[in-house]
Amino acid sequence: MRYILKKVLSMVLTLFVVSLCVFLAFSLIPGDPVTRMFGTEATPELIAQYREKMGLNDPLLVRYFRWFTSFIQGDMGTSYDYKIPVAGMIAEKIPITLTLAIMSFVIMVLISIPLGIYIAKHENGIMDHIISILNQIIMSIPPFFSGILITFFFGVILRVFKPGGFVSYTKDFGAFIKYLILPAVAIALPKAAMATKLLRGSVIEEAGKDYTRTAYSRGNTTNAVLYLHVLKNAMIPVVTFMGMALADMVAGSIVIEQVFGIPGISRILLTSINNRDYPVVEAIIMGIAIMVLVINLLVDIIYRIIDPRIEVEE
Amino acid sequence: MEQRRVIQIRNLNVYYKNHKKTPFSKDRMNHVLKGVDLYVYEGEILGLAGESGCGKSTLAKTIVGMNKIYDGVLSQTYSDPQMVFQDPYSSLNPSKKIGWLLEEPLKSDKKYKWTKEEREKRVKEIIKAVGLTENMLDRYPSQLSGGQRQRISIGVALMRNPKVLVADEPVSALDVTIQAQILELLQQLHRDMGITILFISHDLRVIYQICDHVAVMKGGVIQEYGETKSVYKNPSSEYTKELLRAAGIRK
Amino acid sequence: MKRFLALFRKNKATGKRNSYLILGCIFTGVILLMVLIGIFYMPYSPTKMDASSKLQGFSFRHWMGTDHMGRDVLSRVMYGSRVTLAIAASTIVIGAGLGTIIGALTGYFGGIFDEISMRIIDAMLAFPSILLSLVFVSLFGTGTYQVAVALGISFVPSFARIVRGEFLRSKNMDYVEVARLQGVSDLRIIFVHILPNTVGVLMSSIMIGFNNAVLAEAGLSFLGIGAQPPYASLGNMLSDAQSYLFNRPSYVISIGVVIVIMVLGFSFLSEGIKRISNY
Amino acid sequence: MEVILDVTDLHIEFHDHDKPETVVEDFDLMLEKGEIVGIVGESGSGKSMSALAIAGLLKRHALTKNGRIMFDGHDLLTCDRKILRSYQGDEISIIFQEPMTSLNPVKKIGWQVEESLRIHHKEIDKATRKKKAIEMMDAVGLREPEKVYDMYPHELSGGMRQRVMIAAAMIAEPRILIADEPTTALDVTIQAQIVDLLRKLNREKGTAIIFISHDLSLIRQLCQRVIVMQSGNIVETGNVEEIFRAPKMSYTRKLIAAIPQIDL
């Protein structure tokens, strides 16, 4: 319990540092937000008036705390370009991106765990060699290119998939999920390859340890040693990797959404980066950071369940 | 003849930070050495016996100045004491050649600036003194056996010609026959160079073989001190008796 | 030299060949050769448009065909690979260089400086790397140099972490204690005694990092951030080509294959080097 | 006396390097019911390899094994793996040098102690199994066995872990216990306690023990018979006291000479 408490505290602290860094970074870059809002229409009076109204003349730290408190209350500011609240803009996009990331994660787990165990068990067998080479190749294909290849193969040759035929989750949830399967595969493939490789190595390493010898000495079969003794130990680094992979998938979906024409957060993010619409960029970055930190917290908790050795340590 | 004390330790206390500290507990310091009194006489080999966690390594580190935070008196006649560690595999930098390793103490000597020729001469002298040949100088530690590495470690410690050598379990990681050779080497160096040695070991048989005096330590306290033979014959503390019994020396 | 060549032959004892190393050398060699030739000679100017020959397939005149503006794809690939490699290389120089120095100093000395920089590094690592570089790009603006610096900085935390870990492990090793006992200065201990022992770990993370940098740069320029038209890096071209997937699929696929060969070459190479000791 | 284990001409050769490397040559051992035999030698003498071979723990690839290890009418080197497994943990148990790494770090102590019962005696129900485990843990001198039952290895000291290893090895009351340097990683006082414990188990349960050590004086405390090994070969074998009194081979003499003599 104290472990979880400590991890939550550490997460809050990191979140605090992240928010401070994000806020400072976007406050210190040259360019006045009011000028940016009104563009050519800006007059000195208008600028002064809005600066006062937006509290831009206050000290940096005061502005930070104001921004942070309103942020956690759900007020993420107003977009410079669209003049509408940022929270509303991203609220409807987040479920799309999150669904895509979670689907990719599930696909990665389903592929990598059985495959990793299988090739570790048949180390140096023919399948081990084939899959290891295949893994190396898959890891080298950037997700956006595999996305294009998938579109080409399933959309142009097999014609089972209609590129750009995205259906919103509010309209038809089934069709929404169906459309996301192939993009999810494109995101999952390189991560699955890495996870397979990691699990294989981890199982082989654990299988060489002394406690495995002890397990054999008590008359365990190879399978019993693998599933009762080795696997739980071997999963420890894999859990860490998968947590990082899930976080990467949230971000990785930005590129894939572009390839498959999925209206998730990527489009708003890229437009706002190009247009320097900072409130939107800030909100999305903070949103993703919060997701990532929550994922990390979950990984830490799972970690604690798998590995009893982790104590409250500094 | 009254022998000179080269190291005098009076009421030495060392505290270590407790690394497993919890945010809510107060007890953050471990009292590792609790009022240690010890003298080391010039030219002797003093044995320090004890089991793991008794504080013997902490005492060694404090004497050679690796542990700067202590209270109590620690006065030494000679500066620059050197130390030999237990594990011959980790005490030599794996990415450097033996010659480089031997030369390094001379490059960082603050009292005397050694020229290149002098350094090379000294390296050759020492490699011979620890019973190895010059062709070892071009090798890496990984190409040496455990016993050879321990000889090099001793050589590194001897480069600047120290008057005091602290040897922390120098033979514990070695095979018995190699152990005997290293002990012989230490005794020979002690004879030839007149070095004072503080010899730390958990092995009472080894201590008996080479030490003039012995101090037995437990829980950060010196339990017993005296001339080796008489301590082994008539141990006064219960703990010494238990140790001797466990080692099969006393029935 | 003889020993170097022996790496490519069959090992006498095991009868196996280090095929990862061989393939890695071939793939990397092809890419490097193409980039090197491109510096001195390109069949066409990479920006020269020709309205009469748009989207042509592979031919003797245009080995890799032409794009939607009639530009020669091979020349553009030669140029684009150069841009991609240069950005990846500077990313690694910045990331590994700064990361090593920060990691070495914080790991060795510890203390308050370590606490603070680790907090910041943890905060940075909370972002997936592509997002981190997007943040920096949005701060610095888009463009080739900006992307190189943005990627470089976003690679610093992971290198700092790795090197710091190595130093934490090493700083209490006996050989370091021995050096300290001899009065060797801290800086000499850090850079002369400990650093050479981290080379193995550092090299393998540089190899992996280089691949990640190529992929990240391609990803960013695919999103339209990075090298700006009419000059382009590979990701940028791929993004252009995606629109013509139905008209001329070979255009997209050929550019994608170049990226894959580049990355695959390096990953085979690093895998092969890792295996040298096993063969 | 009844011979329970008969090893003849054991020959082990490694193949994972360029040249095949012989690690054990012509190893013979006859173990009688309830006796304690010591095997002594320095690193690389092949003593641990022989022990692993008897316990059936040598990997099947990258090495060749010749000779015979007869137990209960079966040759453990060539018999079906099923038969070998039915003996492992039930009739032949082994404990190792490093109690730190020999226990599975993520499993509870109780689960590991009971394992042999769970595998070989499926007829025993869960509650009885736990009762037996706690009794055994008590017998090896673990204080508060009920509490230790639910702990993890990292929560115990080195000496306690070695006791757990012994409890796990002894729970099915095997006929043979192989102890591969069981005290090397421990402090001297703990070492003496473990040796006492092994002696007690040998006396009370009649388990034959093969005690492997680099420490001849330790073997002298525990064993009647000793086998001296050097680089894969048996140098000398016989009664411990006789060997101490009149060693025949020069290597044995060297080993004895390496023990610092105490003449009080």
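Brief remarks on what is shown
When the chains are written out, they are named A, B, C and D in that same order, and each has its own residue count from 1.
As a working rule, contacts are C-beta pairs under 8 Å (C-beta built on N, C-alpha and C of every residue); 3 or more make two chains touch, one makes a residue touch a chain.
It should be emphasised that the depicted structure is a prediction, and the values quoted were computed from it without experimental measurement.
Interface comparison, A-C versus B-D: the higher count of C-beta contacts falls to A-C. Look at the CA centroids: the one farthest from the centroid of chain B belongs to A. Mean C-alpha positions place chain C and chain D at a centre distance of 52 Å.
Each chain gets one centre point, the mean of its Cα atoms, and the points for chain A and chain C are 22 Å apart. Computed centre separation for the pair chain B/chain D is 34 angstrom, with centres defined by C-alpha atoms. Residue numbers of chain C whose C-beta contacts span two or more other chains: none are found. Against chain A, in their complex, chain D makes its touches with residues 55-57, 85-90, 93-94, 96, 98, 101-107, 115-116, 119-120, 152, 154, 165, 168-169. By the touch criterion given at the top, residues 42-43, 187-189, 191-192, 214-218, 220-221, 254-255, 257-262, 264 of chain D touch chain B in their complex.
Those residues of chain B that touch chain D in the complex are listed here as 51-52, 175-177, 179-180, 183, 202-206, 208-209, 229, 232-233, 242-243, 245-249.
Chain C meets chain A in the complex at residues 20, 119-120, 122-124, 126-131, 134-135, 137-139, 142, 211, 215, 218-219, 222-225, 235, 238-239, 242, 245-246, 249, 252-253, 256, 259-260, 263-264, 267-268, 271.
Interface of chain C with chain B (complex): residues 173-175, 177-185, 188, 193, 196-197, 199.
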